[in-house]
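The two complexes that follow have chain A in common; it is paired with chain B in the first and with chain C in the second.
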Partner chain A sequence: MSKPDIAPRRSFLAENPSVMWFLGLLGLFTLGVTVLAEGFGLALLSTSMVKILGMTLCLCLIAVAMDVVWGYCGILSLGHFAFFGLGGYAIGMWLMYARTQGIVVESLANAPIPPTQEEINDAIATQIFGVVGSNELPLIWAFADSLFMQLLFVVLVPGLLALIFGWLAFRSRVTGVYLSILTQAMTLALSLYLFQNDSGLRGNNGLSGLQNIPGLLHLPQSTIALWFFWASAAALGLGYLFFAWLVSGKFGSVIRGIRDNEARVRFLGYHVESYKLVIFTLTAVISGLAGALYYPQAGIINPAEIAPIASIYLAVWVAIGGRGRLYGAVIGAAVVSLASSWFTGGGAPDIDLGFYTINWTDWWLVLLGLGFVAVTLFFPRGIGGLFDMLVRKP
Partner chain B sequence: MRLTALLARAAALLILLACAFAMRPGAAVAQTALQPLLQEHRAELAKPSRTTIGPVISALLASDHPGMTGFLRKWEAREVYLRPEDGLFFYAEEAGDMLRLIDIDSGAAVAEVGSREVDQIRPNAGVRREVAAALVPYELNAPDPARRAEALDAIARSAEASQIAPLAASIEGETDPALKTRKERLLTLLVAQFGETKSERLDAIAGLGGDTSIEARSVLNQLTATRDGVATALPDDANIARVLEVGTDLTEAEAHDRLVAAGLAPPRQTAADLRDVLAQHIVDGHVGGVPLHQLDTTAARARAYEALEQAGTVPPRAAPDEVAQAVAAHVFYAEYLQPDPQITQAAEDALAATTRALGLYQTADLVLDGLSLASIFFLAAIGLAITFGVMGVINMAHGEFIMMGAYTGYVVQLFIPDYTVSLLIALPMAFAVTFGAGVAMERLVIRHLYKRPLETLLATFGISIALQQLAKNIFGTQARPLTAPDWLGGAITLNDIVGISTIRVAIFVLALIFLALLLYILRRTRLGLEVRAVTQNPGMAASMGIDPDRINMLTFGLGSGIAGIAGVAIGLYAQVTSEMGANYIVQSFMTVVVGGVGNVWGTLAGASLIGFLQKGIEWFNPSNTLAAQTWMVLFVILFIQFRPKGIVALKGRAAGD
Partner chain C sequence: MTTLLEVSGVSVTFDGFRAINNLSIQIGEPELRAMIGPNGAGKTTFMDIVTGKTKPDEGRVIWGERNISLLGMSESAIARAGIGRKFQKPTVFEEQTVRENLAMALKNKRGPLDVLLYRRSAEGAARIAELAEEIGLADDLPRRAGDLSHGQKQWLEIGMLLAQDPRLLLVDEPAAGMTPAEREHTTDILKRAAETRAVVVIEHDMEFVRRLGCKVTVLHEGAVLAEGSLDHVTQNRQVIDVYLGR
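Presenting the complex of A and B:
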């Protein structure tokens, strides 16, 4: 390694104290949850709460990816939840297949005659697809018995879809609102496709029982929840570090240039489409990974998860948290999704106005919707913008 | 009157001939009373049974007594009573708790009796069918057209050869032209099935070609019905429809199943059967000498079965090669039930003509469907074409304006029960409500975001979910009815295939009105001129004395108001729920984008393309509308790749870049 290579790397963290701050806080948070959790520590946090926190971390990760593609590169994608869902489906296929296989083999073990391989396969297929009236494994399940292949698909399927879609879209210079609508159409098409019973992914039943990890069935859910929480925290930390590094160098300057004035960057000689495509595909892959960590904690995935509205919410989180700053996306996703589950889960106390009682399960969405409007109008920099007041840049 | 009476007589005479019963001189008995005639068959009439009643009815009808059909009809309707003491039949009507007996011949009230003192005669369903069938020829000439139509229905339901003669006889005297054509068609159908001579039948069958009615098709299908046959060689005497090739027309397994069903081959053994049989013959952990733990492959199981078979403990089974041999040794064919090849050929020809006509009508129906879907998309998107297309504002709350319009219609109907009046009030009300909402939204929110179009998307999305939840809080989650007035409730049907509900025609007309209105406003009015000026160059427009704020406000209000009216129209045929707007928003955006932004004609083109495309794809796979939508969205994505500016692309400065 020569000196000029090391010098910018040393200055990366030094120049971005927010990254250090973020990683430190994330570490502390993880430690705190671990100590308080049911699995190991003081059992002050229930297992379901640990799961919610772990899922929130995954949502933060996809929000960071969304921030890179929108806040830094200016592509308002309304389809990133499609990649999230695809990642979830890819890992869900293995989870469901392997677990069903275990159950089938166990139930056939008591048969007077040992089962043939075809019988086992038929039983698995019937078990999984009986609910949509089929008893054959579709072709896309060909590798469902291999964890390695499905993990590969977690990366490959969203990546390839984003690559093809992005190539088509950027090549014909679809930009701005049109691109947003196009990505929305993509996620709509995908969810409509998955809603069909013959899509090979169980139609609107989706994949379920994903919280039972094959091979780890002897462990209590409290332990598994904590493991997934750690994995989610690690993924968020690494993802954050990666994106922070990505947007800090020259590459980051180019994509910010594209956001601010695409034509000018093109005239400077940069191949704008390639930059956009790289960003679009990279963020899609990270979204897929986030989904693959999210759904084993959620336990179920169905096509409604990738309906267009989910991706719009994603954009809203980033906007509320503050675009163009990675920690803003994390704050937005965490605050809005945790507040949503607090308000709609009956955690918030009703407000008695005398003539009318405000029941938050009914009124939360109204508050949230008006909140978006207020943030867009009055705090275009989002919650993250508040930090600017604390840290005065020279 | 005189003529119909004569005809009735003629028809009755025909029946007499057909039934080959001794004919009595009609004029002579017509004068005698009915009661004595009935008394001749008292036992059968009092306790009717399906097996014996036929000749009795024939005999009674053969008397040609003018009151006879009337009596039989009442008898069938369980309105005839028998007085046990003298065995006479009476009609009866209720008089308080008592029954007032009425003399069958004179029609005069005879006595009032308790219901226990007389026996009501209750013919069962089988008997009633017999009576109804026997009465059909009389009904065909009944003075009341409704009864004649009913008789035709009865014939169509259960066609018989004996009905040909009375039907043919009744055609000439038919005065109602509609009934006359029906009779003629029905006669063709009957002759095609039961005609006496072959040439007569062939003519009738040829006449059915191209007739797309369900009755005609079912007759032709009956004539060309086949049964599956299997033999070692093709039989000479059978009317063969076609020979089935194993491998192309049916699989080997299906072929073998047919052999098994015909008793020509031993049944195949499924894997599950094999396993069960083997499980029954486990001896000391072995089956046929093969250890149990090895039986986890098909080959090992086959070996075990062979061993058992050789030992004689299990019956032989059809091995795969034996199945193939058995199938190869036989010929599989479909054979017409109708033995005459000329008739089946004529029926096949007629059916082919019918299928062609059917295809034509189905295409017409598809076009109508596509047109109506396109007009719905157009209505949903037209408001967006103004706010998004002309002003460039991404209004995610557009769908909620549609919903607001629909709920306005619902509330108006709560107060005004007359559906026609309430609809006439609801349309302008919906416009007013959503116009106000649109103007308020433009003033409060969108005005501040003209320079940041992507953020308009977020802000309006916030408004959208807030409005949706508000509607849910106010009106609840269940669907609310928005009832169309009766004159919109029916359907316009051309024939059995081509038809469209009136409400969809109304929506189509409404879409056309909107198109014309909008084109007029944008091109011919001062407001339209100013709107176009402001959208092309706000600065220049302002310096010419146009107030851009006011114009933006009015334009946005107009687009929202139209969404409200569209909401009423959509609510009339779909359900009014708080989520109904969300169902249209993505499609509406796609409509506008595909059509080309900033152009009303473009929206029309986009809506037509998407509507027809979706119906077209649905036609390939009618059971799966989801698939159609998926393919449609994929098509739209690809379409935008190749024509990013939409179908009707603006050129030059108006394009804005």
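Presenting the complex of A and C:
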């Protein structure tokens, strides 16, 4: 029971020691990476490693969002990586436009006749869209010169898409595996559309050079990487805190009720569809924000990132980490995505069996698949469930 | 006693099978009413119609003193209007504690934002304690609902109904699977609830109905076959033929 005279934030943290533990560990991790990073202290961690860790934190954030929508509310969405990608595209448009603008203005500065605004715009369009055989800026790039507008789109585009899609799906009472298929169809349609050259987002080339932050080009990448790492850590911390608060109280009770018995919640007088819509949209927005932090660190975004398989991986991370517990999602995303880049990036040594060599680049997916099956069969609560056993032992 | 719910001329057909056939029933407030009848008589379908789960092909369902039609309303809106339902199979949220189950049912604003910003209050806690006392689960509030016995789950669900503070309770086979002592307690809870509200109980067990001591409606093939005191309906020739005699 909370005592009414205590401020809500304090009593919330006091009542939820796991949140405090998480935030503490995240803070320690951030401090550790900062001290070891190339851009700050002992230079024991390369800049590319700092970027990988920063990106991993973004993946942890979308995994937390996925855990809320799936693990708590029971909606197995296979579309949250599409929202993640849309956030990345929204910020990527500004990064690419503003950087190209800088290059164009600089190169035309020495021209004998000062260029008109029209000439500059044409040059930017040709520079960005020459690769797909176009020299015009598509309409969706209308606000690409404004960081503020594109940041707004980071929230609005995934949010509105989720809102409209969710409204249509939930009001028709599409549930369970049918809803999963529907979200997957949405993701597939979106990625197929983006693969087209005339999609307005450079087709399968995607957006590139996103690691170059306009206005900060004089700073070394090691510093930028660290800044983005801090921003990712802050976003994960705040996102975790927000979702932990969301699922801890009566709201959490209602959405877990919806997961376990939707009809019963309806007969208690709750408008189930509204709750699903709120959760679906809210987690889509957070996914978009995570994507907007991820892709400047990755440097490139292309439609393959949005393909349905990415969203399926997301579900696998959350399942392995443990559904219905936020730290489980973080553990799952961190462990599996880091292991994935270790195995497929040539980090793991090949195993020579004499008659056959196990090449991890090819066999990693098999290992992941076996791991997923093993977790589903033997540890349905995932890695996070092991923590529960340790903590709750009498 | 004023009329709270008026069902008139309602019919429902499922794939050519007439589950409800020109059914008319009136429920007053307060009132305790038992509903009996053979399997397939339309008892549960009647509850489905009143709670908005099933839309009838024809007929009217009128609610309250302002004569609102329930037919166009969603399940959640009907629940908010003051109709609570207990299902045949006990359906509580097994993963959550008894306290959380009751808190979720407690009469409060149901919108997502209201619920998100909801703060636990002393009145709420007191009401939950009072309900737990009523349903005999005062010592079980922190327990996981899934760990309760079958009978306790049934009571918890009745407690959740009472927490909604409905004007009409629809209770489907509350005593199924209960021991005789548990049945007696259940009768007491329902009788007390019916002092201030309308309570409709579907039950197969005649002994249980007798203990309720209320007006009985016998359904058969989707229509009312007989209505009156238990003694009255059990002496009805048709009732004996279609239900009791078998």
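In the analysis below, the second predicted complex is superposed on the first by the 382 of 394 C-alpha atoms of A that agree within 3 Å, B and C clash if a C-alpha of one lies under 4 Å from a C-alpha of the other, contacts with A are read in each partner's own complex, and residues count from 1 in each chain.
Quick note on the criterion: a contact is a pair of C-beta atoms (placed from the backbone, for glycine too) under 8 Å apart; a residue touches a chain by one contact, two chains touch by 3 or more.
Owing to the predicted nature of the structure, the values given are computational and were not obtained by experimental measurement.
Within the superposed three-chain model, A:Gly371 lies in touch with chain B and out of touch with chain C [touch as defined at top]. Taking chain A as the reference chain, the count of touched residues is higher for B when chain B and chain C are set side by side.
Look at A:Leu192: by the touch rule set out above, it reaches chain B but stays clear of chain C. In the superposed model, A:Tyr178 lies in contact with chain B only, and not with chain C.
Look at A:Leu168: by the touch rule set out above, it reaches chain B but stays clear of chain C. Of the two partner chains placed by the overlay, neither chain B nor chain C lies in contact with A:Trp21. By the touch criterion stated above, chain C contacts chain A in their complex at residues 51, 53, 74-77, 79-80, 84-85, 87, 91, 93-96, 100, 103-105, 110-112, 115-116, 118-122, 125, 160, 164. Those residues of chain A that touch chain C in the shared complex are 1-2, 4, 8, 246, 249-251, 253-254, 256-257, 260-261, 263-272, 274-275, 278.
Contact residues of chain A toward chain B in the complex are 76, 111-119, 165, 168-169, 171-174, 176-178, 180-182, 184-186, 188-189, 192-193, 195-196, 198, 308-309, 312, 315-316, 319, 362-366, 368-373, 376-377, 380.
The touching residues of chain B, counted against chain A in their complex, run 271, 275, 278-279, 282, 287, 292-293, 295-298, 301, 392, 394, 396, 445, 448-449, 452-455, 457-459, 461-470, 472-473, 582, 586, 589-590, 593, 624, 626-627, 629-630, 633-634, 636-638, 640-642, 644.
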